[in-house]
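Dropping a structure here in structure tokens format, bear with me for questions.
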Amino acid sequence: MNTVTSKIGLTREQMAQRVALDIPDGSYVNLGIGIPELVTRFVPEGRELIYHTENGLLGMGPSPETGMGDPELINAGKRQVTALPGAAYFHQADSFAMIRGGHLDLCVLGALQVSEKGDIANWSTGAPDAIPAVGGAMDLVAGVKSIYVITQHCTKHGRPKLVAECTYPLTGLAVIDRIYTDLAVIDITPRGFQLVELSPGVSFDYVRERTGARLLPIEEDQRMAGYE
Amino acid sequence: MINKQVADAAEAVADIFDGATVMIGGFGEAGSPIELIHALIDQGAAGLTVVNNNTGSGEVGLAALIKAGRVAKMICSYPRSLNSTVFPEMYRSGQIQLELVPQGTLAERIRAGGAGIPAFYTPTSVGTPLGEGKELRRFDGRDYVLEYGLTADFALIKGLAADPLGNVIYNKTARNFTPVMATAATTTIVQVTSLVAKGELDPESIITPGIFVHRIVRVGEPAYESVLVAKGVSYP
Amino acid sequence: MINKQVADAAEAVADIFDGATVMIGGFGEAGSPIELIHALIDQGAAGLTVVNNNTGSGEVGLAALIKAGRVAKMICSYPRSLNSTVFPEMYRSGQIQLELVPQGTLAERIRAGGAGIPAFYTPTSVGTPLGEGKELRRFDGRDYVLEYGLTADFALIKGLAADPLGNVIYNKTARNFTPVMATAATTTIVQVTSLVAKGELDPESIITPGIFVHRIVRVGEPAYESVLVAKGVSYP
Amino acid sequence: MNTVTSKIGLTREQMAQRVALDIPDGSYVNLGIGIPELVTRFVPEGRELIYHTENGLLGMGPSPETGMGDPELINAGKRQVTALPGAAYFHQADSFAMIRGGHLDLCVLGALQVSEKGDIANWSTGAPDAIPAVGGAMDLVAGVKSIYVITQHCTKHGRPKLVAECTYPLTGLAVIDRIYTDLAVIDITPRGFQLVELSPGVSFDYVRERTGARLLPIEEDQRMAGYE
């Protein structure tokens, strides 16, 4: 990867904006830590999404103003948040009953790897010295109705994150529905990775070369819409 | 008249024994019963199995208990946090064991333990390293793993307010694991910011009914992990 | 803006289909959504499987639904009550099936259904006729039976108040099965005495978070079974 | 049974009073329908018991004054009750988690039959025309720490209710700890029915003749105390 390629494709904010476009009004949504958290900034006007944080709050709002927070009102990433009007608190077993029982519409997660079967690895690189830590990731991918991944198409070292088989320890088997990267939007289908949309200025071949498994082309040419 | 209040944290934790399993409420610093944990450090019980979502931060609260060498094993879902160095170091050097459990499975195992459910099936962790070696069973075309209820000898928890019967309410997301832990321990010890008279809590809004609470200690101005860590406090 | 209120009970139950499984909240008359049940009678769906702790009383509410011949099967724990004659007669004459489930097992099966737990073990009913034919398993020297999660196509429930998001609170022991049924149905329909603005319910005291509620109908002055029965009312 | 025998032994109220004597201060108690409900009237002064009703209330109080009740504040027998200061409402799954999880100290139940192994039958006579109805009885006997039975020693037809083997459909296996009848207090022990106490004016032989299995005598003579 050279410095030129780093300018191709969407920024983190644009990726979050692209995901936000696809979330229907009234959805109950859980956002992972990192790029997924940016999604809240780009929800189109007129849509109301309700955010769930698995540590026990439905109706999570943005970070509090400095000095106005409560150390006991935090999100799953342990950052201070707020509760919007209409919010509800509940305990951890109820929160994961909500997740496991299929009541949340959408979870947007980061990933280390996603396989063409929809397997995801996002909790451990399996490094011998790593402290294993999983949190709620395995419950979320097992329980939420739709799972979207938002991730750079390749690692910092230029290796594909979309692969034939995950080599990192799995978070869940055949659970991912769609992947949003800086380069493309890709669905998981019974036939594997299906390109849905290319980012502006990105070619099919460019994405295919950076994808670690077969990538099925879009049936007809399709332009992105909805952001600059 | 029933009154579960005890004099102080030291009295509340006095009978926690070596080798006990202790559930400690809290998710990060929200709901962490720091004063009860510090009393437990002072008390000296060792060889503990501790159940908590995390492993504490800095060198206060749960992290200080671990640093003092009192914890033989942690059962938790996320043993890393911001400012969490104690557990990682001791884990790498083999001084502490870890049972890593997905967060929802951990919550459900605790609920099951308190509800007299010895085991249940969950889809979480199927096909992953955390599902390895677990009994698999297929229901309606989908695979599930068998997970077991989890109980404890003691639960140390933090509430916002309690009445003398042990009815407890919580503050916002400090609720987290606490209500289920209260149900799963033989002896549940709660520290609360406020004690109120019987009848002052709305019966529609009580989160933990008094039947689950055995001892109450008032800690009027509880400390917060982040504040202690920022001050560089190291307990004891 | 999310607003789950619908015009009336008729609209709320319009899509309940023949053969649907319908959970109906309430324990006796406490929490029984009589107006929704009457709307379902008017609507005409038949061949229903109904889940409720009881079978209603007199010839109103659930008993009227049964009397109208719409219920193929009841799943319940206590199909007898004071003034309950409809179910016993139809059961004896073979016009309705019964799956009898211990009350705690019924509640836990519904909770499991809503929580994505396909099955769990319970000590209840071991060695009794209701445990016969069930898979037995021993944990820690005690026998347990395997029970399965229970879900429904629809839940008809009654609350005290709701906001437009579907957050609901209940009245006293009218709470009973309702919160778990709300979690276990594909479509949960609630009738409430009061509708309040978003933000008016205390987030610490909401019993059913809005995520579990799909349609809200305001029934400002709900009827009570005992009052209707005393008046000799027979619906329709 | 002739009319004379009906005057031997305790009344229903005295039976309830006898049970009440044995319940420690601070106990969490669930009382079945019928004679068990009378126990609340005889709790000795200075003791505070907390009553659980399985339909979702801890801290149940007595019946309301006429016209002051709420049709939605009822007990498991569907009768209107009150909630005492310090009461808490909860849903049915939480209520039975309390029961099944062993959190209640004592349940006092009526019975059709109790066997010398501690089996109980109290929900069905197995009559072909009966509508089967179990309610929470099986959960209570399986979950509560101690189970006391309060019952007439014999049926209306003079047949023993304390038997070698129950012939009615069981509610639970080996779950009963103690039986309070009009004639005696009897423990279930590994050796079978152990007489603990005779009611005033009742002889060991009188009870033994009315018990359907071996009855072990009291080690030493023992007089009842605590009621007139």
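All chains are identified by letter, namely A, B, C and D, in their written order; residue positions are counted from 1 within each chain.
Basically, a residue touches a chain if its C-beta (ideal position, glycine included) is under 8 Å from a C-beta of that chain, and two chains touch if they have at least 3 such contacts.
Here the structure is a predicted model, which means the values were calculated and not measured.
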Of A-B and A-C, pair with higher C-beta contact tally: A-B
Centre-to-centre distance between subunit C and subunit B (centres being mean Cα positions), rounded to whole Å: 34
Intercentroid distance (Cα basis), subunit B paired with subunit A, Å: 30
Rounded Å distance, subunit A centre to subunit D centre (Cα mean): 57
Residue list for subunit C, restricted to those that touch at least two other chains: 108, 111, 115-117, 122-123, 170, 172, 204, 207
Residues of subunit A touching at least two other chains: 83, 89-90, 96-97, 99-100, 142-143
Listing of all chain pairs that touch each other, if any do: A-B, A-C, B-C, B-D, C-D
Subunit A - residues contacting subunit C, complex: 25-26, 28, 48, 50, 52, 58-59, 83, 85-90, 96-104, 142-143
Complex contacts: residues of subunit A adjacent to subunit B: 53-57, 70-74, 78, 83, 89-93, 95-97, 99-100, 119, 124, 129, 131-139, 142-143, 169-173
Of all residues in subunit C, those that touch subunit D in their complex: 27-31, 53, 77-82, 87-88, 91-92, 98, 100, 102-108, 110-111, 122-130, 170-180, 207, 224, 226-227
Complex interface listing, subunit C residues touching subunit B: 108, 112, 115-123, 137, 139-140, 142, 144, 148, 169-170, 172, 202, 204-205, 207
For the subunit C and subunit A complex, residues of the former touching the latter: 1-2, 111, 113-117, 163-165, 167, 183-184, 198-199, 201, 203-204, 206, 209-212
